[in-house]
Amino acid sequence: MTACEKAAILVEALPYIKEFYGKTVVIKYGGSAMTDCSLKKAVMEDIVLMKYVGMHPVVVHGGGPDITRMLDRLGISTSFVNGLRVTDEATMEIVEMVLVGKINKEIVAGINDSGGSAVGLSGKDGKLIRAEPIPGKEVLGLVGRVRDVNTELIETLTERGYIPVISPVGIGDHGESYNINADHVAGAVASALKADKLVLLTDVPGILADKKDPTSRISRLRISEVDEYIDCGIIEGGMIPKVECCVDALKGGVGRTHIIDGRVPHAILLEVFTDEGIGSMVVKG
Amino acid sequence: MTACEKAAILVEALPYIKEFYGKTVVIKYGGSAMTDCSLKKAVMEDIVLMKYVGMHPVVVHGGGPDITRMLDRLGISTSFVNGLRVTDEATMEIVEMVLVGKINKEIVAGINDSGGSAVGLSGKDGKLIRAEPIPGKEVLGLVGRVRDVNTELIETLTERGYIPVISPVGIGDHGESYNINADHVAGAVASALKADKLVLLTDVPGILADKKDPTSRISRLRISEVDEYIDCGIIEGGMIPKVECCVDALKGGVGRTHIIDGRVPHAILLEVFTDEGIGSMVVKG
Amino acid sequence: MTACEKAAILVEALPYIKEFYGKTVVIKYGGSAMTDCSLKKAVMEDIVLMKYVGMHPVVVHGGGPDITRMLDRLGISTSFVNGLRVTDEATMEIVEMVLVGKINKEIVAGINDSGGSAVGLSGKDGKLIRAEPIPGKEVLGLVGRVRDVNTELIETLTERGYIPVISPVGIGDHGESYNINADHVAGAVASALKADKLVLLTDVPGILADKKDPTSRISRLRISEVDEYIDCGIIEGGMIPKVECCVDALKGGVGRTHIIDGRVPHAILLEVFTDEGIGSMVVKG
Amino acid sequence: MTACEKAAILVEALPYIKEFYGKTVVIKYGGSAMTDCSLKKAVMEDIVLMKYVGMHPVVVHGGGPDITRMLDRLGISTSFVNGLRVTDEATMEIVEMVLVGKINKEIVAGINDSGGSAVGLSGKDGKLIRAEPIPGKEVLGLVGRVRDVNTELIETLTERGYIPVISPVGIGDHGESYNINADHVAGAVASALKADKLVLLTDVPGILADKKDPTSRISRLRISEVDEYIDCGIIEGGMIPKVECCVDALKGGVGRTHIIDGRVPHAILLEVFTDEGIGSMVVKG
Amino acid sequence: MTACEKAAILVEALPYIKEFYGKTVVIKYGGSAMTDCSLKKAVMEDIVLMKYVGMHPVVVHGGGPDITRMLDRLGISTSFVNGLRVTDEATMEIVEMVLVGKINKEIVAGINDSGGSAVGLSGKDGKLIRAEPIPGKEVLGLVGRVRDVNTELIETLTERGYIPVISPVGIGDHGESYNINADHVAGAVASALKADKLVLLTDVPGILADKKDPTSRISRLRISEVDEYIDCGIIEGGMIPKVECCVDALKGGVGRTHIIDGRVPHAILLEVFTDEGIGSMVVKG
Amino acid sequence: MTACEKAAILVEALPYIKEFYGKTVVIKYGGSAMTDCSLKKAVMEDIVLMKYVGMHPVVVHGGGPDITRMLDRLGISTSFVNGLRVTDEATMEIVEMVLVGKINKEIVAGINDSGGSAVGLSGKDGKLIRAEPIPGKEVLGLVGRVRDVNTELIETLTERGYIPVISPVGIGDHGESYNINADHVAGAVASALKADKLVLLTDVPGILADKKDPTSRISRLRISEVDEYIDCGIIEGGMIPKVECCVDALKGGVGRTHIIDGRVPHAILLEVFTDEGIGSMVVKG
């Protein structure tokens, strides 16, 4: 490719750079994009680039296989209720340790390595994420939900040029830890920040009208259409909580929400900086 | 080109974006890049893109054929001394009017149109460019040189997100106007701002070791080599004052200076955002 | 005059200085005050004095004979519709060049020479004056009206101690220039700034109850009285748009508006710093 | 006088207003200017006018006859040593009460009444004036000298638009009060603030070459000339400490010092805003 | 007491320190606490401690016996109307002098001596307390009431770390002084500042259900109960205006009001930093 | 204890509160104070109290038995070289996870629970602690030393009211983790911050002149005495690196350093807020 062609591409990105200047984007980072080495590197680059062109990325990461692996190594077994892991104190201790002390730190180091400056945060830091048990699901133990987000700490770091990287661990009224679904944390953080965008990285190519046809992606759907899509089975399984998370965020004041395929290199950049996009965007209306 | 390839190119620009974040770049804008419509548009886009990725571009423009055309239409004839136009008051009035009231405003509108926010300045505004006659060249009339630059005004505008566009007109002790060489103004502004870069847009492909061979471009030369190049005729004619302007700017505290070919679309972007560059860089040492 | 008498006069001005401290005053500068050399100097001194005693003067200038003279020199003829000049592109180019590149710069130099620090602005700078064609008057070509004023740029300069001097040229949606009536620009700028005062310099001694009797000046009239004065012919001809401009400004939030005789030396100072005043003040009510 | 003549005078003051914009002037206020009602009003007006045209006046006042009168009413007698009043605790209590509770408050009310906003300060407030006994003069009791000035408090008030009015009372290491010569306090405050001017209001027409000839005023003298003038008796008696106070202030970093005749109405304004001045200026050199 | 016990006590104060961090507390200082030497010292320490642990104390002081003593020494007699002292100009002069020049200064020196930095203010300083005669009580002369408080001056000093100490002297429209009840001034200042607490130091152990039984203190009463307590004589005599002052302050936006026994050492600290408290708290409801 | 006695104690702390107002204190937290529940609570309270009375505590924590316990549970064995644990990558992963994800979070939760607001930081966050291998000790693997501290991040958090809690993990040039001695990290952080105090919590009663006599504590020693004490065996074993850490910090600009007995409840408070202190202070000289 000639230098001139490269210049042309930079210039093509200009309208998007302008559009998103100064905007806050919360990214739920998880799935393959977190386990595959080269995908991982591409995500870090996307995030740093967003910061440099004037956006304010905030990262919320999920758990991934490290937690299970560590529980296995320690011989801690888990019981399940309706497919959800019961999280007792012994389990929670390991979950928190892996999320905050390992996964979070790897992301922080990765962003730093790509030229950004990240600061990792647990929900305990500055009481960032106040949590509580999920009503009716007390049997799950220390699985919780977000009650309140301390946006002041995030904004302090963001304004000084740092990229906050948040572990989905909440703090209860008595200092106890809660394990919270990372999509839910990302949505709650985005709502609290009145973010312009919420981007959920997944391992599927967005919402497909026909599961067997990867080209049948629904690139844009409105809140009012969600129920119908669920009824007819187009949105199903693990996609349902993700779409609900988008709907909640939109109702909470977030501008736009995106469910994108983290297996595509630079998926975030593509979704943010090109018209076509590569995932499914859920919007108000 | 696929979306993925585009993303890859954006990511390739990241190291340059990081390197120049917060840096001040003074651009002398003139020649073909100012008369050719599509080149003009490309320059505007380059400048706006620089602003959006965190750089502080400051534009100094030259005169171009509009001045001569207007003098002709008005039947104002000019005498020359050693090839330099004698600028009497009647001529100066037209020169200033065309520079400040026409050319400057077209650039301002062009930058605005590309999504930036430009503010045009004459050397009179806020006593931006204090000027004086060139010693020994009083016969040239109101041709002057820079004595002093009010950087405070430039910085005020720059910090608020504006792109200053400066006409090469100076103000004398008694409020009189001076016509100043635009390269010289660009160099003086860059020195006063302690700019990181000075970029001179010309109509030649940088300094060529062999005038007949456009591939013989000298991509980098040091101050200490300049005299030798002049002696052996490699730097000659109109290139001499441009190189001298670079040398003065480097001595005045500017980081790097570039003489580039404004006839190449997006020449500025290429010089700033690629390693190879497309012109000749003059550096300290 | 003894030193003591001088001191007494300074002290007499104190109540006015106190009253207007920190207040914004938009001055439409035009007519004889712009063509007569000593009047010009007096206006510059008035403006600089206002700045030093804590007021924030903002100047909007008109065109004057320079435009017609330049059009004549260039042999550009003009057709008129209902007494208004049709402004085609060729004419607009010259109008803008003279307003921005000559008249504006003379005022800037004059203020600087009197000890202030002025910055000239066209409506294009920072998209200061967004304009559009006047509905129903498309036949006039590029004659426009103000749609929007970027007060942020004016305030940035004002806070840093500069005196903004604005040419009545607007910028359209596609970067095109519009020629706008200077009184109208002054009124729109005053409204957008929520200025405390709008002062229109004219070549008549305010509104006279009896045109033949210069002592019959109506020194104060209320919005509610305007229609009646127009009906009975006391306000007529060129005074009508000026009064309408005052009424619009008052409705737009300006505190007080003044139509004063620019042929009186230091007319602005007299109107602002003495009780009697020298023109006609239009007020709310 | 016509309105036009008034305007002309305001404009004449412009160069002085520009020159002193943002400058700090410490005024020692005492003598007839403090006892004569109309002189008092003129001083207040001068100070408020200075504030409004951008200067930062700081007032230090002296004692005057009120103290003696109150001591007399209370039957407190005083012994003298070498012409200086011995200040025991009973005397000091009354001195402080009259200075801070009566004279200071009258000046504050006077400035407020003229349109300024004054805040009275004793040397105790914020430990404004740290004082100590004068070495070798312990017999005088609580007569002290300045050791240190808390400029932060003065500057805080000045920046917020207040005019500080300071009583010449100092605070010792153990919280005890000291009676300090007001000229000395004014000089010390001016030095600490690195003031541009120190103005001492007196009851004589500056320094006269011939005491009998009021027209023989020496309008300007340099530090290096002071000793000679003392030797030959031109500077004598009560003028000696005043001149020494000026010399100390100049050595402490004050720009210029003025000894002026407070019996002339608006003496301060005349000295500051006219070339001729009305007193004797002591300068460096 | 061992060091460990001391540490324990500091830690016990932590919840109160947290609770009152950044809160404004207006203290009416008078009575025995102002005349008894060791009580005085304890009050100063309490105030300075409050400042250091992050509270913003503002002191309003009363008159005390110094005024009467000085009037006696000067042989100024006073007539009374309904038990209230008629304040003519001669009396007012002495009242102001003693309050501002003596009592205020002693408090300022005391606070400074305990390690704080106090600035004394009369109601005249910065027009802090605009006053007017009490309608229907013109016969009392210069006895006035608060019309308006300049909170900007208090806040300026408070933010910079100073402790304002206010004398209960007001300034009228014509610069005249008014003698105002100190409780009333404290209440008005607290209302204007929207203070969190108003503390009135008195010489009684709060409100007693049974005057003869000091253990019958009513530690908390609501506005709605006040009338009943007055009717049945529990609140009577000098306590009535104090309670009314509290009620007014509460209605004016103050959080809580306290009437406490200034004869108890460190009464303020005890009321603020312990649950039981030592006086009577009047609250909303 | 009566309320009055409590008040007295608070007042006794006033001089210390004043002395340390606005001062930065770095606390190395480790040993028994980190394992014993009630000691832990007392340390948290001490730190929060310091914050509330205006100090800026910064906590660096050590490792403790949790690391060894986790390594044991995972069956990771360790080889030793000269008594120092060889840290390979597998070990480092666990060390980091426990330090950052468990111990740090417990401290953060503890401080929050005592009413402060803590933010945990690893050396990776914002590249807080840039590290490198210890020259000559490469055999130890990922055991490192501090090269550079990003004080900007600590200060940003401190100014906003947060208490930084730092894990002794460093980040290398290639993003790799380093295990660093916590005393050394505390010393380096204190030096970089130019802290006023460095406090090392240990499990011994300071430096004892006679190891067998706990009353023989040397409460203060100077840098110049250290070598002698080492030579004669008074400073020996594990105390040597602690004292060297103090000496380095003092040379790096720290005001005072303290080695105190963390087994005494509220040891920090006692050392900071009482004259006697409870440990050994190492000072310059």
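Which chain is which? They are A, B, C, D, E and F, in the order written, and residues in each are numbered from 1.
FYI, a contact is a pair of C-beta atoms (placed from the backbone, for glycine too) under 8 Å apart; a residue touches a chain by one contact, two chains touch by 3 or more.
By chain, with names taken from UniProt: A, B, C, D, E, F = Acetylglutamate kinase.
Because the structure is predicted, anything quoted here is derived from the model rather than measured.
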Chains in simultaneous contact with chain B and chain F: A
Furthest chain, CA centroid comparison against chain F: C
Where chain D and chain F are represented by their mean Cα positions, the distance between them in whole Å: 56
Separation of chain D from chain E, taking each centre as the mean of its C-alpha atoms, in whole Å: 35
Between chain F and chain E, distance of the C-alpha-averaged centres to the nearest whole Å: 46
Multi-chain contact residues (two or more partners), chain A: none
Touch-based graph of the chains, sorted into line, ring, star, complete or other: ring
Chains listed in ring sequence, where chain B comes first and chain C follows it: B, C, D, E, F, A
Chain F contact footprint on chain A (complex, rising order): 73-74, 93, 96-102, 104-105, 108-110, 112-113, 117-122, 124-127, 152-153, 156-157, 160, 162, 169, 171, 174-175, 177
Contact set on chain E toward chain F in their complex: 1, 3-4, 6-15, 17-18, 21, 42, 45-46, 48-49, 52-54, 114-115, 264-266, 269-270, 273-274, 276, 278
